[in-house]
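Each structure below is given as structure tokens.
Below, chain A partners chain B and then partners chain C, in two separate complexes.
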Partner chain A sequence: MNEFVATVVRGLGNGSIYALLALGFVIVYKSMRVISFAQPAFMMAGALLVSYFVLSMNFFLAVVVALLLTALLGAGVERLALRPMIGKPVFVIAIITLGVDIVVRTVVNAFIGLDIRQMGDPWGLQQVDVLGVKVDQRHLATLVTTLIVVAALFAFYRWSRTGLAMRAASSDQEVALAQGVSVGRVFSLSWALAAALAGLAGVFLSTGIGLEQNLWLTALKALPVIILGGLDSLGGAVVAGLSIGVVEALVGSYGGDLHPIFGGDFFLVVPYLLMLLVLLVRPYGLFGTKEVERI
Partner chain B sequence: MSVRKGIAIALVTAMAALVGCRNDAPETQEGGSGVKFDVGVTSEPCPGAVDAAKGCIYLGSISDLTEGPFKALGVPITEAQKAFWKRVNKAGGIGDFEVDVTKFVKDNKYNPQTHNEVYAEIKPDVLGLAQTLGSPTTAAILGDLKSSNVVSVPASWTSAWAFEDVILESGTNYCFESMNSVDFGAETLKAKTVAAVHFPGDYGDDAAAGTKLAAEANGMTFTDIPTAPGQENQGAAVQKLLAAKPDLVIVSTGPTEAATIVGGAAQNGFKGQFIGTSPTWNAALLKSPAAPALTALYRQSGPWAPYGTDTPGHKALAGALDQAMFKAAPNDGYTAGWVWSYPMKAALQKAVDSKDLTRAGLLAAVKSLETVDYEGMLPAEAGKFGGTPDERVFRSSIISKVDPSAPTGVKVEKDFFTGKTAEKYQFTKPCYQ
Partner chain C sequence: MTARTGRPLLYLSYGQDMALLNTSAKRGWTLVLAIGAVALPFLLTDDLLVVLATACVASIGAIGLNIVTGYGGQVSLGHAFFLGIGAYTAAAISGDPDSTRLIGFGITSVPIWLLGAGLVAGLAGLIVSPLAARLRGLYLAVVTLGLVFIGEHIFKHWKHLTGGVGVGRPAAVPELFGIQFAVDGEVFTKAQKLYLLMLVLLVIFGVLARNLVRSRVGRALAAVRDRDLAAEVIGVDVTRYKLIAFAVSSFYAGVAGALLYVMIGFVEPGSFNLALSVQYIAMILIGGVATISGSVLGALFITLLPRVTRELPAVLPFISSSSGSGGITVFQVETILYGLLIIGFLIFEPRGLFGIWNRLRTYWKSWPFSH
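Let's look at the complex of A and B:
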């Protein structure tokens, strides 16, 4: 039983990372109706900055400064590379985000170098006893931080004037413009938020052993998460991220006991299988908005 | 036929003829010293030649240089090979030729399709490949390498290479390396049970197959634990290790995965010993939270001794490299790139001595190699390329122990040895097949 609980906590830890990444995808999608493929680059940039800042400051301060800079990077990319493309087909804009990802990651990789950079986090590989179950401290830290960030994000969208403006722009840009909402500012803020969330995911992903160039591949796991949760649903991103993390962990640990075919690295396929299964029943994802079309 | 159609056909024919003119089988020429050559060899000097009176042998290099997962190996391998051939050229070259490995260097991004594309691009200009990095990538061009007699140095250690004449591998493969590690574990560490934690594919599966064969030969209980790349994906592997409690674990993953597994298992009180195959190590892991666990529980197997070992070849490597390039961390990619170049040098020398530097001539020279002078980095008999795979495969490997004071964080504990399993094994097909 203890082993099962430890597996679930590990799954929630990984799932929190997927949720943070997915939230970034959803925020950009809600504001611009575009899937931003630049999220892996922001994830790497955030982690890289922390790995440098911890050399001269406290880890937590390093995270705050790094995420602010990553947010600035996100806003800058939107202003320089994406804003001039408004009005162009979303496919074109999505391809531009791919280009941004490659450019930013190439620069980031040059600073990571060939080795593994340390994050200087206080958790390392240490474990803590929770009600008799040994769980990794970093998984707990990831989960708790994600829950706090998600709560703050929801409060921001629900109660702040800027959050309301972002929701308005997401619903109908022209009406929002007519009501005095600066849609351009909404775009910038969306990219800044998405970049900071991806950066935070990168930081937690690199705790433990460290940051290396190949880590960006994990960001791609957010793609089945956003489809599963619904492209425009913040809550969906969180629920789907945590669910996929847990199911992935359970299949990785116990899948082989059911049948050898479910052992080994079968758990890597699980997010996509889940996504397909849910899409068969709910084509807009678990919490996605159903589009009403005139026939 | 309309005039337009006729013109189009004529143009296509002309283009085909032009492409045909630039094929990779030009007329055989003969140099001043009576050496005949065809593709990738010129009477003109190499770019930046030491001796402008000498001709040039062009060797291509296809590596993971920018964004692929093995960049940390590809870059140093490529640099070491440049340094190796520079040293050869300074020492007089190969007969009346010098060797260039700088003009046709391509990035495969560890993508088989890209590998194939860049290979097609440089193939008409090179005699052979000084490096083709990766097993799946090399597999993508293997058919053409064989049909065109393009002798190539692999940057990978899968047991499949022993079955290919055009592949000029050095040292033992993952399969025999793992057999030796299990034999070492059974004899020295008194292990009774063994597990293989490995990536899928011809790297991890090859090592796991060798582990299983040696476990059976030693009467040990064997547990197979396949895992996937990614630090976040190792939780299940750790859990399975804790459940199986093997005395010995053979790891064939990447460095961060290996550290996550060793560190995670140790945190849970795991007492077994780990031996990682060559690609699992990176000295930077000694700065990670897994360092205490690695120092206590981890050993490193390898086809040859790590950077900084006291042999003439290792010393030559250290002397030839620009020390500034790896002040932060020397990397055994440099050692690998250097060692892999010796048989190509021997084959080129033999081909020149036989006055036949054509692709076919170079392949014939490779097949006739019985020994290669590796300047002590490998025994000379490791350079046998004639005979059946069972006759020519080199079966010895080394075991190193973690030593933070060593240049790459590991130091030889047991020098070249062949375990009883590898000694007796009938090598008739790649282990993982």
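Let's look at the complex of A and C:
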């Protein structure tokens, strides 16, 4: 039983990372109707900046500074590469973000180098006893931080003026423009937010195990998450993120007895299989808005 | 024909207008191009020929992707998966039948394993296509991306077929009418023979694709791409044509995958990843969406890019040719250039190399008038 609970907590920890990443995807999607494939690059950039800043300052301060810079990077990318493409087919814009990802990630990789970079975080791989169950501190920290960030984000969208503007722009850009919402600012802000969230996910992903070049593949797991939760649903992203994390952890722990043809790392493809299954039944994900077609 | 002698661009029937080579300029230049392509093996060194042969194969794959993404408008990031299926089917059909480690049937004749690879990949495409028929736009892109990950996982673990990670297996053996293409012969070297084989195959598959897209199927696909609802209203069976697009595209991918590793002689299961899919997307975007000649141009461009950047350290001393020593390496420059090219082409020349060519052609055609 204890092992089961520990596995679930590990899954929730990883799941919160997916949720953070997925939130970034959803925020960009809501504002631009585009899936930004540049999120992995922002994730790596955020983690990389922290790993350099901790050499000269406190970890938490380093995270704040690094995330601000990552947000700036996101807004800059949007201004340079995405703004000229407004009104073009979404597929084209999505491919541009792929190009951005390749460029930014290559630069980041050059700074990471071939070795694992330490994050200098206070948690490391230490464990803590919660009601008799041993869980990694970093997983708890991730979960708690994610919950706080998600609550803040929802409050921002629900109650702040800018959040209202963002919701308006997402539901109809032209009408929002006519009401005096600066849609361009909304785009910048969305990209900045998405980049910062990805950066935060990157920081938590590389706490304990350290930052290395291949970590970017984890960011792609947010794709099945957003498809599962529905591309335009913030709540869906969180729910789907946490559940995929838990399912993945459970398969990782207990799936070893499956047929050897699945291989020991079968849990790595579980998110994608889940996504395929759900899509066969519900083409717009669990919480996504069904597209209404006008003739 | 008398009416055409004085006015070469006057078409008297739909057939003339839709002909493959509908202008005398096209006829002339195609002849020049064909002669040039056949003469190349005797002018270039072997290492360049291998690169060109790879470009020919990549062109076949890019044409396949262009059929589904360019003409059909269904964004597929799963091309690498189908390339992988083709590569392994071909390798298994032509593999050593006595091997205890790997599946092999020992049939080394090119047409057999080529068709086998294409058909198996096409079948896989058909199996996947119901998803494609249900999903649209970016949902489809992400799902096909999921296919790549699932495929990569299967390739890594099905050791009897693929040899496993880091080990791999020998690629398909190219043999036709008793000629071994992958070994140096008395008259031709290995590279010359492979280049000519791939060139012939590219011409065959290129003409086939061109015929497909200028026929009923191609028009139906374009209608689905431009507005699927409108297409359905005028009587195009959208689901059926989406299935066709996916099956044909996967067939081409399978063929390309089967041939791609013949040059290297070796297939590694880790190579069928997202990066490979993106590479093919880049080819059709840089070459030109919804054009066959654009696909070929794009494939040439992307395949030759590493070759060109490798010459850079000689010109620009701050770029080093090996990793480890400080500064930026050729590989980093190559990747960054590749990403920047994708972004740049999409922003400044969305119609790709084909669009540039089109503009040049129009300029000279209407010279000295600017429009």
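Assume the second predicted complex is superposed on the first by the 287 of 295 C-alpha atoms of A that agree within 3 Å, B and C clash if a C-alpha of one lies under 4 Å from a C-alpha of the other, contacts with A are read in each partner's own complex, and residues count from 1 in each chain.
One rule holds for everything that comes next: a contact is a pair of C-beta atoms (placed from the backbone, for glycine too) under 8 Å apart; a residue touches a chain by one contact, two chains touch by 3 or more.
Just so we're clear, the structure is a prediction, and the values are computed from it rather than from any experiment.
K.L.:
Should chain B and chain C be called a clash or a fit once both complexes are overlaid on chain A?
P.N.:
The answer is clash.
K.L.:
Contact-wise, after the overlay, does A:35 reach chain B, chain C, both or neither (first, second, both, neither)?
P.N.:
After superposing on A, A:35 lies in contact with chain C but is clear of chain B.
K.L.:
Could you say whether A:106 touches chain B, chain C, both of them, or neither, answering first, second, both or neither?
P.N.:
After superposition on chain A, A:106 lies in contact with both partners, chain B and chain C.
K.L.:
With both complexes superposed on chain A, which partner does A:215 reach: first (chain B), second (chain C), both or neither?
P.N.:
A:215 sits against chain B, while chain C stays out of touch.
K.L.:
Which of the two partners, first being chain B and second being chain C, lies in contact with A:94: first, second, both, or neither?
P.N.:
Only chain C; A:94 stays clear of chain B.
K.L.:
Have a look at where A:2 lands relative to chain B and chain C in the superposition and call it first, second, both or neither.
P.N.:
Neither partner.
K.L.:
Would you check which partner chain A:134 touches, where first means chain B only, second means chain C only, and both and neither mean what they say?
P.N.:
A:134: touches chain B, not chain C.
K.L.:
One more residue to check, A:14. First (chain B), second (chain C), both or neither?
P.N.:
Once the two structures are laid over each other on A, A:14 reaches chain B alone.
K.L.:
Can A:268 be said to touch chain B (first), chain C (second), both, or neither?
P.N.:
In the superposed model, A:268 contacts both chain B and chain C.
K.L.:
Return first, second, both or neither, reflecting whether A:171 touches chain B, chain C, both chains, or no partner chain.
P.N.:
neither
K.L.:
State the stretch of chain C that overlaps chain B in the combined model; pick it from 62-70, 116-124, 206-214 or 260-268.
P.N.:
260-268
K.L.:
Which parts of chain A are in contact with chain B and also with chain C?
P.N.:
Touching chain B and chain C on chain A: residues 102, 106, 109, 114, 263, 265, 268.
K.L.:
Residue numbers of chain B touching chain A in their complex, please.
P.N.:
Residues 66-67, 69, 71-72, 75-76, 200, 226-233, 235-236, 239-240, 243, 254-256, 259-260, 263-264, 267-268, 282-285, 287-290, 293, 328-329, 331 of chain B touch chain A in their complex.
K.L.:
Can you list the residues on chain A that touch chain B in the complex?
P.N.:
That would be residues 3, 6-7, 10, 14, 17, 102, 105-106, 109, 113-116, 118, 124-127, 134, 136, 205, 208-210, 212-215, 217-218, 249, 252-253, 263-265, 267-268 of chain A.
K.L.:
Can you list the chain A residues touching chain C in their complex?
P.N.:
Answer in residue numbers: 34-35, 81, 84-85, 88, 90-92, 94-96, 98-103, 106-107, 109-110, 114, 220, 223-224, 226-227, 231, 261-263, 265-266, 268-269, 272-273, 275-276, 279-280, 283-284, 291, 293, 295.
K.L.:
Taking the complex as given, what residues does chain C use to touch chain A?
P.N.:
Interface residues on the chain C side: 75, 131, 134-139, 141-143, 145-147, 149-150, 153, 156-158, 229, 233, 274, 278, 281, 285, 323, 328, 332, 335-336, 338-343, 346-347, 350.
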